[in-house]
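These are the structures in question, set out in turn.
The following pair of complexes shares a single chain, chain A, combined with chain B in the former and chain C in the latter.
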Partner chain A sequence: MDVLALLADGFATSLSPINLMIVLLGVTAGLFIGAMPGLGSVNGVAIVLPLTFIVPPSSAIILLAAIYYGAMYGGAVSSILLGIPGASTAVATTFDGRPMAQQGKAGLALIAAAVASFIGGTISVILFTLFAAPLADLALKFGPAEEFALVLLAFTTFVGLGGDDKLKTVVMICLGLVLSTVGLDLISGQPRLIFGDIPGFYSGISFLVLAIGVYGIGEILYTIETSKTAPQVTPARITFKELGYGIKRMGRIWKTMTFGSVMGFFVGMLPAAGATPASLMAYGIAKQTSRSPETFGKGNIEGVAAPETANNAASTGSLLPMLTLGIPGSPTTALLLGGMVMWGLVPGPMLFIEQPDFVWGLISSLYTANFAAVAINIALIPLFVWALRMPFTVLCAIVMVLCIVGGFAPSQKMHDVWLIAGFGVAGYLLRKADYPLAPLVLALVLGPLMEKSFRQTLIAEQGNVLAFIERPLSGAFIAIAVLFFVLPFVRYLRKGSRRSIVTAE
Partner chain B sequence: MLAGDRIIAGAIMVLSVYFMIHATALPIGWNGETGGPGGGAFPFWLSAVMLLCSSLILLRSFGASARASFFFDMSMLRPLLMVIAALFVTIALIPIAGAYIAIPLFLFWYLKIFGRHGWVLTLCLTLGTPVFLFFFFEATLKILLPKGFTEPLFFPLYAMFF
Partner chain C sequence: MAYTFTRRIAMGLAASAAMFATTATGALAEGWKPQKPVQMVIMAGQGGGADRLARLFQSIIQKENLSNMPVLPVNKGGGSGAEALRFLKDNEGDPHIIMATLNSYYTTPLRTDIGVNIEDFTPVARMAEDTFILWVNADSGITSLEEYVAAVKDAGKDWKMGGTGTGQEDSLVTAMLEKEFDLEMTYVPFKGGGDVAKNLVGNHINSTVNNPSEQMGFYNAGKSVPLVAFTPERLAAFPDVPTARELGHDIVYAMQRSFVAPKGMPEEAVAYYTAMFEKLSQSEEWQTYTSEKALMPAFLTGQPLQEYFLAEREKHQAILDAMGDDSSS
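Right, the complex of A and B next:
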């Protein structure tokens, strides 16, 4: 099938007045959420998801994708103006963005970040368009065995590639999976883990409840603790002359930006990697390959451009496995997946066949969102400077109320609101103790799929466990998964033996 | 603060055991007839892995080279506990007094007393938020928020919008 024809059809959907308006609205909201220190794309999507009932499902997902996109742009704003990353994905942007702002070049740094985000977004959306259909075709051959193996692979990447403590990562994956089994057993239909017959647990624990708790309430508690003093906002003004100069400067570093985009896209596809490591890697490589590496960290425009291209590209990249395979690559895409399931749109290869209008509408809306984001971002810079002066206490109060009401709205049960508060406090404490939260949310979203595919395969194969290895694709996935899982232990043992040799000497 | 790490690891261990006990309500072993594990197997064995890993984390914290990952700024404990308490009080109040009393009260407390903001800002947000919530959730989405004993006051509004 001709990708261009499908994309053209998609534009017919995404350029309809309502969807265009939704993209503009989503991007603007995302930009502000991303620009707020502490709140990133995942918090934005978690808090706004319950409010999207106001638009039809296919537009709702476009709205969320636009927020996601806008938040990736917005993250750079507080990195540059406050020196506090708007989200973890914008950490690398502070390295050179903050020095630039202190030298009075805040405007130029913001332009660089916006243009770089645009380049990263554009290249990655083109890559996305090229890869989506073939990957979906491949995924059509997947049976339950392959699905199980793929989910297993997604989890083991957190253990093998994730930077967090391995034991704590395993604990979080298991906790998410166990929480996903609450409710009715998928196969026999009997209730389980209802904790002494509490009726609220019969319908299970919604991913939304965990996400709002952890990323809404938990994040606010974290912000309260860490925000003792109000940060200093650096003023920024943008003139057309500066804009022209900025774009000219950016033209000279196209190599860095192209590389950052392509690398970001592929790193973003990996479940455990995503936008934060991608941006740090892009920064590191830009510094190493630069002719004047000593200027990095002191306000080099390349140091702003490289991480910003990579984090935007990575956020698009992480949409690819979510949409084509139904396996999200990041907590934010896990929330998008959960939202789609809630609206009756099950991501995966079948979506490309059954709902091509929706899929290509969404893909083409990424193009429009990208254009909208760069324009709105540069146009609204004075407004961001003003919004960043908003005291934390106002932001926290509003987010808390949105969490309470947003948590109530989908199920209309107070039980869920209590769970949100509980998850919020628990999530805050777990984060304080360095337990990674991304695998927890991902496990809760993927848990039902994992258990269902596992048990379906075994029932179909009369309990033959080897069925997972006998099929070539699932066998390969499981082999890689085992490798990822064993890798940290091998590394640990080797380090341990080396240490014991040293002490023996 | 190694104690913080230990308390959290211990709490996860207790939680795992609690999950395991509840998971045994359904068969946790291999189901010979249909093939594959029983309904309780997934939660039971995953909780067992969780128990094992959290025990290892706890044991590790007693090792000689253990370093604390849990740090806490004690001066922020009071405001943090106050916000958590306010959150729980608000949620408890919603079914009794209704969202339109509990949420403005929460906002008033947070902005005026906790945040020490001016009257203009406090009143704008405290009074504006319920109006927004009503029009967004009730009038547009037809999602009724709990009203508790204030329910009769809303009958005229319902008549206007539904």
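Right, the complex of A and C next:
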């Protein structure tokens, strides 16, 4: 009851005309920023942060939350339309979103992503409202050993996904892990794999550079070769009938979306883990539990919905440790945290007690931002789809420019642009040789986290490998990971035996 | 009296700025003024303590209208700030670049061969010195340095000290502690101070030497206990926490938060930035922040600042040497 009263007070703040305006503006800006390959919520929040001093802190945080949400929605747009994930959290969305766009169902895929994002956002905000305080203690239970087990779980979901050539998947994971070791080693402070002494490699290879290279440039090269003049993408139209159909289709996969939301929220809440493993695991689980797993990766709407619910839910979840513990779960929440410090707010266990107006104003603005985002997103779908109907010769040039600008903007180093070009050629060759690209990109994202937590645990436990299994939480995660790894084989064997029975008949 | 006076100036400036957006700062500096946006290079990545502080400076500059051109923070954290140092060196004479420093300003050129000599750079202003405190989890029952040393001696290598990357500030303080008390702990490096603080409260490590700002939230909630401060005098925010010196152990370590500029920056430009930071150091926001976060305001400029930098570099060289070749090679 207490919670509801506080939330009502929060709504009184967030629903004032000026704050509503701010939400609409922020969501729209966030959508476009998120839809550009290379720009994501981090850039959006960073650009706007200094502007927030003109308005009172409660309005400022609403603006930032709106941009944060808008960008999360927008991230799916570039994944689906161009096949370039704008953020690591949107990689899993390309698996089925891209094939849907190629089949002329871009509109449907975008609707699925928007609705799924809305459901993920809403369920996670409700969880946040009800359990924020007790859940903070759970986040504290996560030490390095638990982090490692969780990332391992994300990896095994991936290998277990199957479909692609298993050996090629493993090769790409290894390649990604090697790339992830480039740069300064956290534990010893020494530079690794900097190719002689190229300063640009000190800060490592960023996800964006690799993803824009292999997905963006690689895809363009591949398309130029395979399609010459004919557009590779079937032109898509969007009608109200399709909208209704899309929403009805979504109703049938509510189980996947509910699960994705709850899991996304919990994984996102853990500092360091965040939305990327959450979206991957949601995709993997949706595929494992589906009655027709073979349609995944070929344009299954469930394959768009699962990661999108999870990554949106995770982005809400990552606000929890930021507010209650003062620990950002992602680069974007780190910036939000910086903003709070500037406004004189002290995040931490006392924030909920000392600044209830601020906290509940923020939570209520998450509800409004979510509503605004889904409405604006659906309204803009025709515009996004229209962009796809451009002649390929024009689209190709635009995407090329977006790729280079998107790669240069975050670090402002030519070094990254050359890397993108190199990865582009590599991506093209790998695609020709039929190597899956997602394991490469995701290994680069998850690799450093996994290496760091593994070594931290071994240092802390003085080399005792059993520590991973002895701790209850990490032990449980590792058990599930093993199960995931084995499950596809079991299913394969069972199917195999069933098939042999059929042939025997 | 002086304080209220400057405060009034600041408020007046803010008010007039609202009315005459562009002309208001004319009075700030006669002569040289930035002609284009000023880049504020940060020697660390986004979200960390150094980044947060630099962005606080930027927001105060903007809010109080201390600069007629916008100040844009740029993160160049690669290689413990090597990237930023190199950038500063390669932009000799540029009047539109300033850099926010931390102690890697000395240690990075000492640890890695990047061809940078900090003597060449132009000192602008030291804003504050951040402080270090020894923390344990409240559940540990440890309340004094004596009990702490006994507990660590008992546990030996099983005692886990958490901190930032090896070779960075936290590991230097840990090395000093180990030497002073003849201890042998296991040092577990984490990515940032916030991560370290959380792992202490979650009982994944046994102690830390966090900056007060990183533990403040947990301390207020009664989850962590400060044992001893590595400051010359007791901190106003922690009046009951003794300094190491008081207890007869000469461990004093601070993290400087300063601004420097490239070699050969025109003198008028240096004067402009120095005046800007002086106004900043007197602003109400900054003074509230330093007292709440237990930072020691320590405004210093010009030649004395350069001498301070060089003396600190000597000190860090000695600490790195004492830590042995494994981390400084």
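What we mean here is this: the second predicted complex is superposed on the first by the 275 of 505 C-alpha atoms of A that agree within 3 Å, B and C clash if a C-alpha of one lies under 4 Å from a C-alpha of the other, contacts with A are read in each partner's own complex, and residues count from 1 in each chain.
In this section, a residue touches a chain if its C-beta (ideal position, glycine included) is under 8 Å from a C-beta of that chain, and two chains touch if they have at least 3 such contacts.
Predicted model only: the values in this text are computed from it and were never measured.
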Touching partner for A:G348 - first (chain B), second (chain C), both, neither: second
Which of chain B and chain C A:L325 touches, first, second, both or neither: second
Partner chain(s) touched by A:Q412 [first = chain B, second = chain C, both, neither]: both
More chain A residues in contact [chain B versus chain C]: B
Which of chain B and chain C A:V171 touches, first, second, both or neither: first
Partner chain in contact with A:F142 - chain B first, chain C second, else both or neither: second
Partner chain in contact with A:A334 - chain B first, chain C second, else both or neither: second
Touched partner set for A:K452, first chain B, second chain C, both or neither: second
Which of chain B and chain C A:L243 touches, first, second, both or neither: neither
Which superposed partner A:T181 touches (first chain B, second chain C, both, neither): first
On chain A, positions contacted by chain B and by chain C: 53, 187-188, 412, 459-460, 462
For the chain A and chain C complex, residues of the former touching the latter: 42, 46, 49-50, 53, 139-144, 183-184, 186-189, 191, 199-200, 202-204, 271-272, 321, 325-328, 331, 334-335, 337-338, 341-342, 344, 346-351, 412, 452, 456, 459-460, 462
Residues of chain B that touch chain A when the two form their complex: 4-5, 8, 12, 15, 19, 22-23, 25-26, 30, 32, 34-37, 39-40, 42-43, 46-47, 49-50, 53-54, 56-57, 60, 69-73, 75-76, 79-80, 83-84, 87-88, 90-91, 94-95, 99, 103, 106-107, 110-111, 114-115, 117, 121, 125, 129, 133, 136-137, 140-141, 143-146
Complex contacts: residues of chain A adjacent to chain B: 51, 53-54, 165, 167-168, 170-171, 174-175, 177-178, 181, 185, 187-188, 190, 192-195, 217, 220-221, 224-226, 228, 391, 393-394, 396-398, 400-401, 404-405, 408-409, 412, 414, 417-418, 421, 424-425, 429-430, 432-435, 451, 454-455, 457-464
Chain A-touching residues of chain C, taken from the complex the two chains share: 46-48, 51-52, 55-56, 58-59, 62-63, 74, 77-80, 82-83, 86, 111-112, 114, 157-158, 160, 165-168, 186-191, 194-195, 197-199, 201-205, 216-218, 220-221, 223, 285, 288-289, 292, 327
